[in-house]
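In what follows, structures are represented as structure tokens.
Next come two complexes, and both contain chain A; in the first it sits with chain B, in the second with chain C.
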Partner chain A sequence: MLDIFDTMNISASGMTAQRFRLDVISNNIANAETTRGENGEPYRRKTVVFSEVLRDALGKSQYNSIEDLNGVEVSRVAEDMRPFKMVYDPSHPDADGEGYVKMPNVNVMREMVDLIGAQRAYEANVSSINATKAFANAALRIGRG
Partner chain B sequence: MAGGVDPINNINSLDPIKRIQKLNREKTEKAGEAAGKTEPDFQKVLDQAIQEVNSQRKASTQARNDFAAGKISNIHDVIITAEKAGISLRMTMEIRNKIVDSYKEIMRMQL
Partner chain C sequence: MSDFFSSNFDTLPKALDASALSNTIIAQNLANVETPGYKRKEVDFENYLRKAMGDSDDLRMKTDNTKHISNYPNDISSVKPRVRTVEDTLITNDGNNVDIDREEALLAANTIRYQSLSRLMDMTISGYNTVLRGVT
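So, the complex of A and B:
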């Protein structure tokens, strides 16, 4: 059994992870039209990879008992390797000889859906915290009245 | 013997009672010492609990200050710390109420 505050910490880690996801999605949306990114290429869409935190006191990543549950963490930010969109726009400074511009592989519609997903996941963690709090408050009401 | 009650014997007759009282006192003192060794002092337990609640409150204030100073980027961390402090405080209040209730109950006891 975990301490009731550890349960809250797990939810807090979930909220932090979703906040980070929000940052990455916002960055994708902000750079949806960026044609000059790293090494001259357009911006590449980024995604977040989450991993479960299972750690004992020694920092060993191994699941032994329920006490090892520590929530979620962002393990890395991965790049979407799908090809860039080719858009015909000869007036663009980054257009090639045939008038095509390499645009980022960001689909704003998809990012919006991800955004809603992140928002709902954050809210789910809030619900989890509220449930934890309700548990604690119910326990404190024992023997009253 | 003339005079009826022998004053010396009269005083001596109280001695066994005194001795028993003395024995009893020693016994209770020893029992008290033994209890003190095996169980943690009630006052210490309460003190520790209150210290913990106090540290939670301090952490909450610290989180709020850090957030105001721009050191914390997550709002939920501040709120969760405050919630934790609130729950600890409620817990302490409940326990205090129980202790005060017990005390009052004992004080109302008819002797």
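So, the complex of A and C:
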């Protein structure tokens, strides 16, 4: 049986993961117009991939008992390999011979939707922590009359 | 004589434990709401306890040998909450089946259940106190 603090740790790992996702989304929005990155290419949209964490001595990632549950983690940050947007803007310094500029493959609307998803998931983890607190308080009141 | 309090001392801690376990499971589900391929887990306890208390409509398999498999628990102390993984539903196309709203609703319901169970436990103990001290 996991104790009450283990349960809070599970929710905390969820909050950390969603915060990280929020950082990545902010970075995508901030770089929505970045035409020149480190490698000379426009900015590529980044996404986070989560994976479930199971505490297992043998290193198997398989659910065996309730003691294995340990929340979530960010397993990697992946790059969106969809093609860049081509925008006609001959005055842009990064325009090619025909006047087209490669713009990042970031869709700001899409990022805003993701942002709301991350926010809602974060709030869900907060409400889970609050529920766990209510559990602890209820248990502490037993026998007080 | 079936006594007034002791049945509460058998069942209530079991139910409290199951409710706390359910809280952990919901926390895990909510933490993994965006994890590709994650399948939600749930606690199967109430049906099982109902069977142990003889309050279930499920058909009982006949056992006349200790080696026979029984689909009913023998007594309340042998009832353990079981965690099962729900594999047969789909919410998003990355294989995840956690519905955030449903989990939130389950969380709220489970919190109220735990609070009422602990209140009941508390009242059981005050019942003893009343018997021991007498009504003043």
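Here, the second predicted complex is superposed on the first by the 138 of 145 C-alpha atoms of A that agree within 3 Å, B and C clash if a C-alpha of one lies under 4 Å from a C-alpha of the other, contacts with A are read in each partner's own complex, and residues count from 1 in each chain.
Throughout what follows, a residue touches a chain if its C-beta (ideal position, glycine included) is under 8 Å from a C-beta of that chain, and two chains touch if they have at least 3 such contacts.
Quantities reported herein were computed from a predicted structural model and do not represent experimental measurements.
Asker: Of the partners chain B and chain C, which touch A:131 in the superposed model: first, second, both, neither?
Answerer: Only chain C is touched by A:131; chain B is not.
Asker: Let me test your reading of the model: by the given contact rule, A:4 touches which partner, first (chain B), second (chain C), both or neither?
Answerer: both
Asker: After lining up the shared chain so the two structures overlap, which partner does A:35 touch, if you call chain B first and chain C second: first, second, both or neither?
Answerer: Touch status of A:35: no partner.
Asker: Could you tell me if A:117 is touching chain B, chain C, both of them or neither one (first, second, both, neither)?
Answerer: Once the two structures are laid over each other on A, A:117 reaches chain C alone.
Asker: Return the chain, chain B or chain C, that is in touch with more residues of chain A.
Answerer: Of chain B and chain C, more residues of chain A lie in contact with C.
Asker: Counting only touches as set out at the top, which of chain B and chain C does A:21 meet: first, second, both, neither?
Answerer: In the superposition, A:21 touches chain C alone.
Asker: Is A:69 in contact with chain B, with chain C, with both, or with neither (first, second, both, neither)?
Answerer: second
Asker: Do chain B and chain C touch any of the same residues on chain A, and if so, which?
Answerer: On chain A, the residues that contact chain B in one structure and chain C in the other are 4, 8, 11, 143-144.
Asker: Which bits of chain C are touching chain A when the two form their complex?
Answerer: 16-17, 19-21, 23-28, 30-36, 38, 41, 83, 85, 100, 103-104, 107-108, 110-111, 114-115, 118-119, 121-122, 125-126, 129
Asker: How about chain B: which of its residues touch chain A in the complex?
Answerer: 73-74, 76-77, 80, 83-84, 87, 90-91, 94, 98
Asker: In their complex, what parts of chain A are in touch with chain B?
Answerer: Within the complex, chain A contacts chain B at residues 4-5, 8-9, 11-12, 15-16, 19, 126, 129, 133, 136-137, 140, 143-144.
Asker: Show which residues of chain A lie in contact with chain C when the two form their complex.
Answerer: 1-2, 4, 6-8, 10-11, 13-14, 17-18, 21, 49-52, 63, 66, 69, 71-72, 117, 120-121, 124-125, 127-128, 131-132, 134-135, 138-139, 141-145
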